[in-house]
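Written below as structure tokens is the structure these notes are about.
In order of appearance the chains are A, B, C and D, and numbering begins at 1 in each one.
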Amino acid sequence: MEQLKGKVFNVLDHGSIELIDWMGSDVDICCAARISTGGATKTPEEDARLISYLVENVHTSPFEMCEIKLKIKMPLFIARQWLRHRMASVNEYSGRYSEMKDEFYVPDVFRKQSMNNHQGSEGEFDNQTNLKFSKTIDVYSRDTFTLYQHFIDQGVSREMSRIVLPLSTYTSFFWKIDLHNLLKFLKLRMDPTAQEEIRVYADKIWEIVKTWVPITAKAFEDHHLNSKTFSSEEILFLSEMLKKVPDGEKFIKESHLKKRWKDKLLELLK
Amino acid sequence: MEQLKGKVFNVLDHGSIELIDWMGSDVDICCAARISTGGATKTPEEDARLISYLVENVHTSPFEMCEIKLKIKMPLFIARQWLRHRMASVNEYSGRYSEMKDEFYVPDVFRKQSMNNHQGSEGEFDNQTNLKFSKTIDVYSRDTFTLYQHFIDQGVSREMSRIVLPLSTYTSFFWKIDLHNLLKFLKLRMDPTAQEEIRVYADKIWEIVKTWVPITAKAFEDHHLNSKTFSSEEILFLSEMLKKVPDGEKFIKESHLKKRWKDKLLELLK
Amino acid sequence: MEQLKGKVFNVLDHGSIELIDWMGSDVDICCAARISTGGATKTPEEDARLISYLVENVHTSPFEMCEIKLKIKMPLFIARQWLRHRMASVNEYSGRYSEMKDEFYVPDVFRKQSMNNHQGSEGEFDNQTNLKFSKTIDVYSRDTFTLYQHFIDQGVSREMSRIVLPLSTYTSFFWKIDLHNLLKFLKLRMDPTAQEEIRVYADKIWEIVKTWVPITAKAFEDHHLNSKTFSSEEILFLSEMLKKVPDGEKFIKESHLKKRWKDKLLELLK
Amino acid sequence: MEQLKGKVFNVLDHGSIELIDWMGSDVDICCAARISTGGATKTPEEDARLISYLVENVHTSPFEMCEIKLKIKMPLFIARQWLRHRMASVNEYSGRYSEMKDEFYVPDVFRKQSMNNHQGSEGEFDNQTNLKFSKTIDVYSRDTFTLYQHFIDQGVSREMSRIVLPLSTYTSFFWKIDLHNLLKFLKLRMDPTAQEEIRVYADKIWEIVKTWVPITAKAFEDHHLNSKTFSSEEILFLSEMLKKVPDGEKFIKESHLKKRWKDKLLELLK
């Protein structure tokens, strides 16, 4: 983690993520969780078992004991989604205080509107069309900035001049968040239904998290990212199906699953 | 709901829950969720489908649009757990400002320490022992209050006199919370692993919720209270088992499950 | 307040504020604050005195007991400031889910950049220049929307097409907030240093607040909006000055100020 | 600050505060505040000026960029007040999970009930009475713990046995909070109207803050701890008084106050 500090990860055409600072680690999570047992430090295996247990059972408070601070540069249409997550601290570049910079997101690949998913995209245009669209947006962005600069030069206040800038304009902000809220954020923003431009930022932060708190990251993968939740109706159907497995009960009992997981599956056979 | 307003529900020996006020309903949740479609009011069936979708996919913000305010009286050892939930507004009776009242929780049934679950109880004592324990606590509580009253009478400040009062002392507070955070709270506090004395309060509030927002309550039951989440390892094992079901794929396809649920199950067979 | 429900207030050229719902009143604030005295309803004068005391002494929790829900339509550059206030619930129109509408803020008066205040404006352009600027922005906005529509028509996903839209584009959202956080918000956003375009929205909401909770609004005016805070250094200087007033002490004592206010001033003379 | 890490400060008879970890410093606050100017590091004088400006004008977000984690041991009646502050992360010792320890707060000085201040104390008892009261509470606490231990020995669950324990029982928790919220907390809990037993904890943390972020601490002292806020009515009266000062305007203009402070005072003379 020390090696990542101050390193700047490039994202999209002009964006970036920089690790500014952090506090706490996997060990500190265990330490907070063990306050009731006054427990001394344990072995890495016991720590991993505890963290897996905490993640599985949604005991989230120990994960609030870790904190991370990043400096992020991203286009406004993504920043708007990002800053809707309320449990974080933010200091953002102000277009009232300073002039905006001539930096815009110009996609090189354009995704088509999904027909199934109202708020998603699906499939891409061919190279030639992408090129044409990119060119259009590039020219348009420059024109817009010229207009912005024109207003500034005429003495129009920055707070008013900026209203012509497009949602593709880049902004920067410090973002500080605790690990519990970061994981909640990542689950939503790494999801395949999230807009790709925000996903690439979330994915990069997930890489940092895996270096920062590897045990927590692994448990989060098992119990959240790669888990599945079944509704009461699905559970009913699932248990009907499982009853049809020849020797199902024996199959479960002889598996390598942990006891509490065997119990959960055996319950479905009743 | 109008009929519940001002009604006082008794809980435990001296506790209570009173519905003071509320804002919003199932319809308002749909209305907020439909802001992007500008959608006019729909049929109750469409509302139910939308709410079920929102709950299943953890789109929580529309549920924040409903708010409820209760007046609650409960023993301190429960109130301490209760008030750890931060996303709520609280005005509590102050033992600095006013004298505490002579009201204590005296259990009539005592639960034994669970051997499996460090933080739970399991099994009860026989009637005679319960009676004996109750009597002990009753006498002890009265003695404590006499001591408290003695300090008050001597002119000791209320803020100091109260330190002798036991955790069984009753307190009262107004509690205002939005529906999203209330459901999160109820999931945790109606859980069988929650302490019974807090569960009886949560259960009573759940009854109010079912009257207040019946469609949301039903969806929450299906997708949260009675759902099950399987970890990546369990999912792997589950899919191994399901592959053993003769004609499993056909079985799923011919079920009455919704399409997206069929898809989820079919994926397990791959 | 009932009469304001559902009424739409116009703000800026295409913006609006609509009162959707609310919960609580001045009386409910007093009721929550009096939980420790178990006090029955009091006279309006006693309520006013209590509320003034609560506001002056920053006892904020009773004000959280009131809640308001508005539907607001405003340009994006203002919405970005608005939604930085975290203690509120929001459901916003989604440009991923639905097509954006052809509505842009076109100022008719342009403010110049302030030379003293980095983040403010000062003075206006003459009519002719304003007209010219307005025209430029109007044409530019239409062109932008044509480009957006072009992308949409070509099948580009909504989530990508929107990146060309300017910060002057209108968005809509439901906004629910408690009275304590609303007042904090209004203090900041009604301030002369706030951008005028956000101030006109804040001012309109302040009008609603004055109808909703008139006693609280009056106390807030006296103790926050029209109050002044003096630093330790200023206090020192102020007390030096006051000592120079002939018969200052007598002057204070004979004033019509409340006792605790007299005490505060007399302290300055020591 | 490095030297304070891991050090345990004793508070009350058995309580303590331990500095576990922290993130950020005065320099980081400036760095976050300067994101709009992209400013490089400045001189300490410029940093002090910026921080003073931020504190005076209630620009609070940069102070959220610093975080501190403490381990605190305190009696329950104080912990209940402490944990009402919602913007913090907490992991507390659980009386359900582990047996409570035989540690109680036994005051050696008893404060009398204030007659003016409903929720405060005023004046102390004489030595002999203090001794008698201390003795009473000490004996009572031991008896209580014997009763608790008796229930535990009989096999009563920990979650039920604890209800007889008094509010003077000590608990422990990790407490993590950002600097902005910590300062808000300290202002309330270092106030003379706060209960003395919580004030001694707040005072100790304030000592740590002064070591951690000395520039911020100084600005907070000037603009919050030692400032005074005057209501509109007081302001009116104050300006009447100041007008009576011979040569008041000259007096202000020739003072060593900063320009914006002079302006504030001169405004009162109008």
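What we mean here is this: a contact is a pair of C-beta atoms (placed from the backbone, for glycine too) under 8 Å apart; a residue touches a chain by one contact, two chains touch by 3 or more.
Being a predicted model, the structure only gives us computed values, none of them experimental.
Among the remaining chains, those touching chain A as well as chain B are C, D. Set against one another, B-D and A-D show the most C-beta pairs in contact at B-D.
In this assembly, the C-alpha centroid of chain C lies 29 Å from the C-alpha centroid of chain D. In whole angstrom, the spacing between the mean C-alpha positions of chain B and chain D is 32.
Note on chain placement: the centre of chain A and the centre of chain D lie 35 Å apart, centres being C-alpha means.
Residues of chain D in contact with at least two other chains: 90, 92, 94, 97-98.
Contact residues on chain B toward chain C in their complex (touch as defined above): 21-24, 28, 32-33, 35-38, 61-62, 64-65, 67, 69, 89-94, 97-98, 172-174, 176, 178. Across the complex, chain A is touched by residues 56, 221-223, 226-235, 237-238, 241-242, 244-246, 248, 251-252, 255, 257, 261, 264-265 of chain B. Contacts from chain C toward chain A in the complex involve residues 75-77, 80, 83-84, 86-87, 90, 92, 94-98, 105, 107, 110-114, 118-122, 125, 129, 133, 136-137, 140, 144, 147, 151-152, 154-160, 162-168, 195.
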